[in-house]
Structures are given as C-alpha cells and as structure tokens.
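Shared chain: chain A. Partners: chain B in the first complex, chain C in the second.
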Partner chain A sequence: MTGVRCFVKSSLAVLALPVLMAGTALAQGTVKIGALLAVTGPAAFLGEPEEKTLKMYVEELNAKGGVNGQKIELVIYDDGGDASKTRTFAQRLVEEDKVVAILGPSTSGPTMAISQVVEDAGIPLISFGGAAVIVQPMKKFVFKTPHSDRMACEKVFEDMKKKKLTKAGLITGTDAFGKSIREGCIAAAPTYGVEIVGDETYNPTDKDMTPQLTNLKNKAGIQAIMSGSFGAPAAIVTKNVKQVGVTVPFYQNHGVASKSWIDLSGDAAEGVLLPAAAVLVADKLADSDPQKKVALAYKTTYEKATGKPISTFGGHAYDGLMILVEAMQRAKTSDPKKVRDEIEKTKGFIGTAGIFNMTDKDHMGLDLAAFKMVTVKGGNWQLAE
Partner chain B sequence: MLLPRNLKALCRLWVADRFMAELLQFVISGLTVGAVYALVALGFTLIYNATDVVNFAQGEFVMIGGMVSAFAYAAGVPLMFAAMLAIIVAIIVGLILYRFGIEPARGASSVVLIIITIGASIAMRGLAALVFDKQFHKLPAFSGEAAIRVLDASIVPQALWVLGGALVIVAALWLFLTRTLFGKAVLATAANRMAAQLVGVNTSFVMSFSFAASAAIGAIAGVLVTPITFTSYDVGTALALKGFAAAVLGGMGNPLGAVAGGLIIGLLEALGAGYVSSSYKDAIAFMVLIGVLMLMPGGLFGKAHTERV
Partner chain C sequence: MSRLLSSRYAALMFVALVVIVPGLMLNSSFYLRVGALIFIFGFAALGLNLLMGYAGQVSLGHAGFIGIGAYATAVLPTHFGWNIFAAMAAGVAGAGLIAYIVGGPILRLKGHYLAVATLALGILISMVISNEVKYTGGPDGMAVPRLEVFGFRLRTAQHWYWISGGVLFLGIVAAQNLIESPTGRALRALHDSEVAAGTLGIDAARYKLIAFVVSAVYAAISGVCFALLNGHITPDSASFLRSVELVTMVVIGGMGSILGALVGAALLGLLEQLLAQFHEVETLILGLVMMAVMIFMRDGIVPTLQRLLFSRRAS
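Now for the complex of A and B:
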C-alpha cells in the first residue's frame, strides 16, 4: 500500500513540476516593493530597526518562495527623515522603479509630504508614522501600522481614570511628535474627565527640563504628569522628574519604547508607566494572549539576527510588510489597486502592535486594546496591568 | 486672636519659601547649562584671539569629549582614563584641524576660514556617525545620581562637577595667561600677531596651541556634561550656536565675557522657562542678546571696537 501511495505521490510531483515552473515563468520573476526609511538622521532610531526587519523578513519570504510565486524585490531609499528628500524618492519609486506598493516613511512629516504622490499614482502606502493625521481624514491609498499618538494619551487617561486621578500636567517637545501628542492629549482629556492643569514644552535640543518640571510639580492639585517625547530628551525628562522629586505618577509614551531609553535613564526609569505595543513584553504576556505567538516569534527572530534588543519600531515594519504580503496573497495578484482593496479588508491580522481590523473608514485598524500599560522594573519591561 | 496672625505669617513664610525654592531650582538649572555654554564660548574666544578665526567646529570638540569617553568607558576603561583619552583625542583632532584646515589657508579672509571650520564640523559629525554610531550614549555620574536637596530645591551632584570644572578651567586659564611667559606670548599674539612675531614669539606654535587648548576645554566640557545631558554624534551643532551667542554677548575675544555670556544665556533660558513660558525661552535669551548688541555692539565686556588697518 505505502509503496503504491509513494509511487503515486512522486509521479504526481514529477507531473506537477513543469506546471509549477510554467507558473513562475508566467509571473515574470519578481514583484517590486518600495520602502522609504529614515535609516540616517535624527529618526535613525526608527529607520534602522525598520530596515533590518524588512530585509530580514523579505529574505525569509523569498526563501519560502515569495508571494504568489513571485520573488519580492525590496527597493529601499534612505530619506534621512527629510520631507523633501522623501518626496523625490517617492517619485523615483513610482516612476522609475515602478513599485507596486510603498512601505514607510518612518515618520509622520515625510508621510504627509508623499501621500499625494501615492494617491495620484494609485499605489498603496503603508506608513510607519505615528500621527493620527496620516489616516484622518482618510486617503484612499494611505494606511499606517503604528498606534496614533492620540491613542497613547487615551490609554494613559484611561489608566488615570481607573486610579481616580483627574488632574494631569503635560510636558512635551516642540518637535512634530511632541506637538502632535500634546494636541492629542488636550483633545482627548475631557472624554476621560481629565483636566490638564499644567502645559509645559521644551526644545528637542534642550539639556535640562527641571524649570518646566518644577512648575508642574508645584501646580496646585496635580495628580499625574504625562510626557510626550522620544530620544534623548525623553530620557532627560525622566531623569529630571526624579531629580526635582515628583511624587505623583509619571507617564511616558510609546515613543520611548526601546531599551536605549531605559539604559539612558538608568534608575530614573524605574516605575515609570507607559503605553506600548505588546511586543515589548512578549515573553511576559499570558499564554492565552493571541498576540503572544507573533510577538515572541518576532522578538526571537530579530534579536537573533541583529544581536540587539527589539524596539516596537521595527515591529511596525513587520506589521506593514505582512499586511501587504497577505493582501497580495488574497488578491492573487500584485496589481496595486486590487492589493489596496485587500489591505482595506485586513481583518483580525495579529501583528506586533496589536490586532488589525481595517475598514473603509479606518486605515489603521487598531483600538486601545492594542496598547499594554507597561512599566520598568529592574531595568526591564514589565506589564503594569 | 493670635492664631490667625500666626497662620498668616506662616502662610507668608511658606509662600516665600516656595518662591525661594523655585527660584533656586531655576538658577541651578540655568547655571549648569550656562557653565557648558561658557566653556564652549571660552573655546571660541581662545581660538579667535590667537587666530582671528571663529571656529564653528567648537561644539564638535564637546561631542568628541562625550563620545570618546562614553565608548571607552563602555569598553571597560576606567572613567578617569576614558576622560583623559577623550581629551587627548580631541587635542589631536584640534591640531589636525589647525594644521590641515586653517594653516594652509592662513592668508584667506576670515569668512573663508569660518567656512572651513563649518566644513570641518560637518566632516567631524559625519565621521563620528561612522566611527561610533547614531545612538545616544551616557556616562555614569561621577559621584552618584542621588539629588542633593537645598531649601526644597534639588541639585544633582554632577551639576556641581560641571560648575566646579568650569570654575577650575577658567581660573587655570587666567593664571596661565597672566602668570606664565608662554601665556603672555599667547596674549601678545592675540594683541598683534606681527609685533609678537617680531619680538621672537613663535606665533605658529601659539596658534596650534590655541586650537589644542580649545579642543581640550571642549572635550572636558563634553566629559563633565555627558552624565546629565547624554551625547550623540550631533550634539555639537546646537552647543556651538549657543556658545557662539554667549561669546558674542560677553564680547568676542574676552575670556571673562565668554564666561559671563554663557552663564547669562543659561540663566535667561531657565528663568524664562520657569517664569514666563517654556515655549518662548529661547526667544527670550536671543531677544536679550539682540538688545544688548544694539546698545553695546562690542558685547558686555568688549572693548570699544577699533578697526585694524
């Protein structure tokens, strides 16, 4: 019996071989996907892990035979986080490289600068930028994978509400991210019954924020402080909070969700609360958590390949690439317009940032459940819930 | 009858106390940041005096100080030696900048020389990004992180290191310039290069010395401040701008003015952020700078300007 079955199988395989080969020949080799990433420049801490992630997973996908029988060819340009450069590269991807979809840019400003380019060209863009304005108002071809900055505020306020804290102080940078998170927080506060009693800002190049924090600390009745920042200033704020002796709960945001922030802040990071993607605490998630498998797989793959601890930022690139590839598989073609339609139909996709449910009204598809409240304990991420 | 009055007095005392604590916190913040500006401004002044060059790569010396020491420390070198290594590297870079950037172009106008230093600063930044990386790095605080509390204001011990370090450097520089023969040769070169040369001062050596000394001062500032502010390949640009503003405010070429200018700008920023609005604190500092320059074009401590013919 087994002999016969084996014979049948192998002959089938032999028969199938030419058909498969014809299939690949018909599909003409490769499908080109463009990526615009801030691999250098001030946002390099976003672009670098994103680039590594994309390269790593495209290689893996190709080793498994690519998508729809075609190998993926990744065309990456380093935009340095600069909007005008990004625009030039976007034109190049559309006109010269003729890509079927674009991943990135890493930040919000450049994304806004090129959204008209992809709208005109009719090819889908999956941005890794945080600002809500990327997908609100909605643009037909523009999607994004990271949580919006306003969601960070909402998650923090939700946590404050649970703890019956109603008076918050804000400290934000004057850069695009800081501004956007500040506006998001001010807009979201009333919904959660939170009153913003102090509103301080600083310049991203500033070296000392103790005056602003002293003012917040001395605001009458203040019950919590929320910071909107990333990079070195975020660590300086964290240290200064400890230094001026703030005793109320201190919240950071998802922009600091990398190991380097903990390293820079040292002891001052202990006990700070922040909303972040599940991937940051992958190994500490409950086994029943649907995200655990994906998050842990990404963490192990990334850390093994690069030897560096993961940040949530590379995860956004993973989510973007996988949403795109799955949409292509569902569409059974790489025709940009059909792929766009399929991206919009993404349902229940489990990514590193959360579970994506996109609709024709929501091109991000994440809700607050995607955020976990985490804290730092003994120099490591810990679930705070 | 007595109680309310007591209460009122207590209350007034408390308000005064809190006001003092706030003020003290702002002043400490301003002095710490200002001390760094002062050291950068001092570097500008030294080179400007000896060579008439405004060296816009001055901020990069601070960066080199921070980056080299942070990397050496991370590699296991004791803090003290890491700091010394950083200073030596900065001095070498300073000498290279003088020998291959400034000296060959000595006949050129000062605008050309300034542009050379801007080019050098961009090159140094790019090299640092390649040699090191683009991440932020830190050094441990020299004597712990626990804040010292004075009148309800808190000072991190490292801030005292920065202030003390700046004080020592300024004092040493002053002693050197006024009490040693070589120091006087530096002053002579600053006053009149041709005359100094005629009385036998090796002006070329004095000029390389000024670059080396500026680099060393910058690097020391970088080492002192990195535990507070962190460092990365591109911290130099912002520091050079603030340091230059400080040097101009104090009177370009006056070491005392450079220090005063740095501290004033630092204080204005901190008090502006504390009492007026954190959004306008840079604007406040620069508005004062413009105001001073309109009234006293030579800066606070500048000599009345005389055109050299």
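Now for the complex of A and C:
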C-alpha cells in the first residue's frame, strides 16, 4: 500500500515538475536576441549607429516591460565586416547563446556567408545589408530592412523620366555597394526607357576620379550622371564632378545619406540629387505623410541620446528590431519558427526606411514610395519633390 | 629529459594531443569551428614561419596565396566544370608557381623594400579577386562547392576540425624534415648572416626562393581548407589585414619555432572569442597583450618558455 502511495506521489511530482519549471521560466525568463554588427573596421560607419540604435531601443523596450512579458537580452558581437569572423560568431549565437533571432550583419558579403547557418538552425535573420542577392533568390529564414540598391537606380530613373532625360552615364566603385548599384542600374534602365551611354568604374582606394568623369562628360548626348559610391570616394566623386564642369544633372545614391558626406564634399554637394529614406528629411515631410511621426521620433531619440546627427543606417537597425519585436508579440511566443512566420506576415509596418509589406515572395517588403528624392541646400538636406 | 622534450617527437606528440583531446571532448560545432580555424591559420603561419623565422625574409602579402588556394577551389569547379580535387591541386600548384615567378626578382630586394614588394603582391591578388566580378562574385563573395569523398559530404565543422588537424600534423612533419635537411641548415645560415652563408657557398637567392615557394604552398593549402570549411568565401580571405594577422601570429608565437606558429594562431583565435563580449575594449586589450609579449617575451612565446623551462632544468 505504501508502495502504491509512494508511486502516486512521485509520479505526481514528476508530472508537476515541468509545469513548475515552465512557471518560473515565464516569470523570470529573458529572451535572447543576437546581433552581428561591423562596429569596427571599414564598415564601422554602418555598424556604429546600428549598435547605438539597438542598445537604445532594447533598453526602452525593457523599461516598458519587454516583449511578451520577457525582458530582451541583446547579445552583440563585432564582426569587423569580415565574413569568416561573422560566421564564427553566428554559430556562437546559435549554439552557445541560443538566441531566438539574429539582427544584422551590417553588410552583404557576411550576410551571404551566414545564410546557411541560420537556415540550418531555423532561426530568423534580419540583415541590414543592401544587396538584392540577400533575398533574391528567397531563403526561408533570411529577411532584410534596407532598400535594395537596384531600387535607388529605379528611383533615379523615375526622376529622369519625369524630366524627360534618357541618356545616363554611370560611375561606380568596385566595392560591393558600387557593384550592386551598377548591376541594378544596368538591369533597371530599359524599364524606364533610359540608355546607359557611359559606364565607368574606380577602385575604392582611388584618390581622383576626374579621368572617368571627363570620359563621361564627353560622351555624346549624355543627359545625366549617376554615381554608385559611399564613404570617402563618394565625396571625391562629388567634388570631381564640379571640378570637371559637369553641367547635366548629377545623381548620388542612398549610400551617401549622412551628414559627413555633405561636410566632406563642401560646396560641391549643393544641388546634387539623391534618393534617400524619409528619416533624413523627417522634419521637412508633409504632416500628412504617414512616415513623419516614426521618422521624427527616431531622429529626436537618436540625436538626443548620442548627440550625433542621424544617418539612415541606424534606421535600418530600428526597423529590423521593431519588425522582430512586433512579430514576437503577434506570435505570442519567442519560438523562432513561429516568429519567422509572423515576420513574413509583416503588413503596413511604418519604419524609418518606408512602409514594409512582406510576403512569402518578398522578404524585404519595400517599394519605390519608400524613397524620397532629396537634395542639398545650404549644407542641409532638402526635399526635391 | 630536456633532450626528449626538445626533440621533434615531443613537438609532434604535443600537436597530436592538442588536436585529439579537444576534438573528442568538444561537441559544439562552434568550438570545433574555432578549433578548425586555429589549425588552418596555424598551418599558414607555420609556412610563413619557414620564410620569416628560418630564411629571415618578411612577407606582408601571404593572405594573397590563401586567396589563390581558396578561390581556385571555388571558381574552377563552378565556372569551368573542373573536378574539385583537380581544382584544389591547381590552386596549390598555382600559388607555388606564382611565388616562383614573382619570388625571383622580389627576393633580391632587402629589408623594407622586400616587405613593400610582398605587400604589393598581396594587394594585387586581393584586387583581382574583388574586381573579377564575373568569376569571383566580387566583394559579396561566392559559394564553394562541397567536397564529396566516396559519396560522403564533408560539410560540418566536425569534419573539418579533424581534416585540418590532420593537415596541420602532416605540415609539421614536413616542416621538421625540411628544417633538418641540408636546405634547412642553409636557410638558417642565411638568417644568421647572408654574407657568411655566401662565403660557405650557399646560393642565397636560390634558397630564399625555395622558402618563399614552400611558404606560398602552405598558405594555399590553408586557403583550400578555409574555403571548404566556410562554404562561402569573400575577398577578405585575401585581405592585407589577414596578411598582417599571419605575421602577428608568427612573431607572437615565436619566429623560427615550429610550435610558435600554432601557439600564435591559437592565441589570436581564442582571444577574439574571449574578448567578443567586451568588444568596445577588444582592440585595446589585444594591443596590450601584444605589447606585453613584445616587451617581456621578445623572441615570442614558445622560444621564451622553452628557455625558461630548460635553463631551470639545467641548473
């Protein structure tokens, strides 16, 4: 008899154990989100604002009680923009830290290098890399928040079409970004009736692009020049354009959308046209613009917390984090597979880069409306539309 | 006792233990990957040590040869339909051939000029890789076909842990044989004094070239393993920073010491992971560690430890 009672007791205890454990896990659990960012190295201008943004907003979310009653624990590793390092850290996040989702990497090469890791592990990844190859062809667990580089070309060509300009010259760097812009522009040109009459490239370490620009300037019938560059070379190209006396409209791209480009280019930046995310001109947007509230809030928060002018790059991190958190709230769990399904169902999410509508065929979810044509006037951003 | 410890078999035993014991104990593919990377870069540093520590020549472009090995493994099968084993062999042979052709003229340079010439070579190779977008995929990199042996796909970190560990072991055996051969003695003579070596009838240019080619082949083999481990390669496998990392491994671990290269690679590889939590101060701590090694262990970690150990034993 005692034997039976003992058996019943112990089996009750065994049954109760998981319930008790689940209870404690709910009460004091945290949910771990990983981030791989190029905080140092050549892509630090991307990683640094991204890191600040993530830390700032995770703190804010936690102060409000976290997500699904759990506090968010952010695990950030600095990959220095190196693909192999990123892969090691991705495995560390997956196996050691057991994160439920990964934000980043900051650039495209490392994103491609770790896609297989997250696919195998079944953990959603929201990349901040620009290249379209990240989501084309589609991978089940890989998403991205920045506009594809091809969209920048499409926006520029749309603007050219409005102005009845049909002959464009390209000048692009041989780095990942420049290459992506170049391919995007060449592919998108026929759709907008634009003919690429000149196609020049330079190495990212070059200090003078006047020969390439002189070539473009002298191309018969050229009506506009589009540049695909970021960082220091972007400022050099901008200056050189003025120096060789280009008179046709000159378009830059979303990669230069930071205050430092204006500072480096000086007077040469005046009047240059470029497609950029709304966040750059947040205070100048029309009040009816649905993005105004989000963009302005992000700008104010970031500038207040860091004392530095915003760039669009930190905005990509904001979008990624918020899309993830909202997906977790909708899924009411942090189970990676269910969260993935909810990320894919993101509809009408208003972020800094635009309005996201993801589908099972589009893991970015932005359209051309996300870009605003902006220009520089008196050393500051101005809407050009 | 000390003779046994310093003998070549002790070094081999040590490496075998370092490969086998963690390999059996670790079951996380993250740790195995970190181990595999240490073996792979340790292997490249071992080759570079033959050039720097024995022949006394500096190369700041060795990542270029890693790049050649890695990209040959990826590009030849993908774009030209080569058998992957043929591609691997071609990458290693190609790196050796380039080193042979380029090494002839540039090894006649001395000191800083030699360093600058090798630097330029490395940068040229990495520029070609970045710019030949059609074949290499440019800066976004390209996928590497998986290796299949008898229908068995080698793709996990565990597979590559054992393979790169085995390759490292064989590389050490080969390096030891080279050093103890007449060629090795000629190289050491060159390191101590090129003039004195010349009076003994040693053809300096020829032996330097041998060391350069051998080290390039080591780097290319490590590049092949690197590409197959990662499954996706980008031009930063051949970047200048990677070359500097290799030189750092050799100098910190100990120039002219077979185990030194491995210890240097292990130190850099493990510190990267240990300091990952505090990445704000990572560079600072790494710099301090390097300064400490340079000030207190001027010959590098392994030679200094050996001296401490054996001088105590002797007294």
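Everything below uses one rule, namely that the second predicted complex is superposed on the first by the 358 of 385 C-alpha atoms of A that agree within 3 Å, B and C clash if a C-alpha of one lies under 4 Å from a C-alpha of the other, contacts with A are read in each partner's own complex, and residues count from 1 in each chain.
Criterion: a contact is a pair of C-beta atoms (placed from the backbone, for glycine too) under 8 Å apart; a residue touches a chain by one contact, two chains touch by 3 or more.
Because the structure is a prediction, the values reported are computed rather than measured.
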First, second, both or neither for A:G266, with chain B first and chain C second: first
Partner chain in contact with A:T300 - chain B first, chain C second, else both or neither: neither
Partner chain(s) touched by A:N203 [first = chain B, second = chain C, both, neither]: both
Touching partner for A:Q382 - first (chain B), second (chain C), both, neither: neither
First, second, both or neither for A:K85, with chain B first and chain C second: second
First (chain B), second (chain C), both or neither touched by A:T40: both
Which superposed partner A:A176 touches (first chain B, second chain C, both, neither): second
Shared chain A surface residues [contacts with chain B and with chain C]: 40, 174, 203
Chain A-facing residues of chain C, complex: 28-30, 33-34, 37, 127, 130-131, 133, 138-141, 157, 226, 230-234, 236-237, 272-273, 276, 279, 282-283
Contact set on chain B toward chain A in their complex: 18, 22, 25-26, 28-30, 32-33, 36, 129, 134-136, 138, 145, 147, 149, 153-154, 156, 225, 228-230, 232, 234, 238, 270-271, 273-274, 278-279, 281-282
Chain A - residues contacting chain B, complex: 40, 42, 44-45, 48, 174, 200-203, 205, 207-208, 210-212, 214-215, 218, 231-232, 235-236, 239, 242-245, 260, 263-264, 266-268
Chain C-touching residues of chain A, taken from the complex the two chains share: 39-40, 76-78, 81-85, 87-89, 91-92, 94-96, 108-110, 112-113, 116, 131, 133, 174-176, 179-180, 203
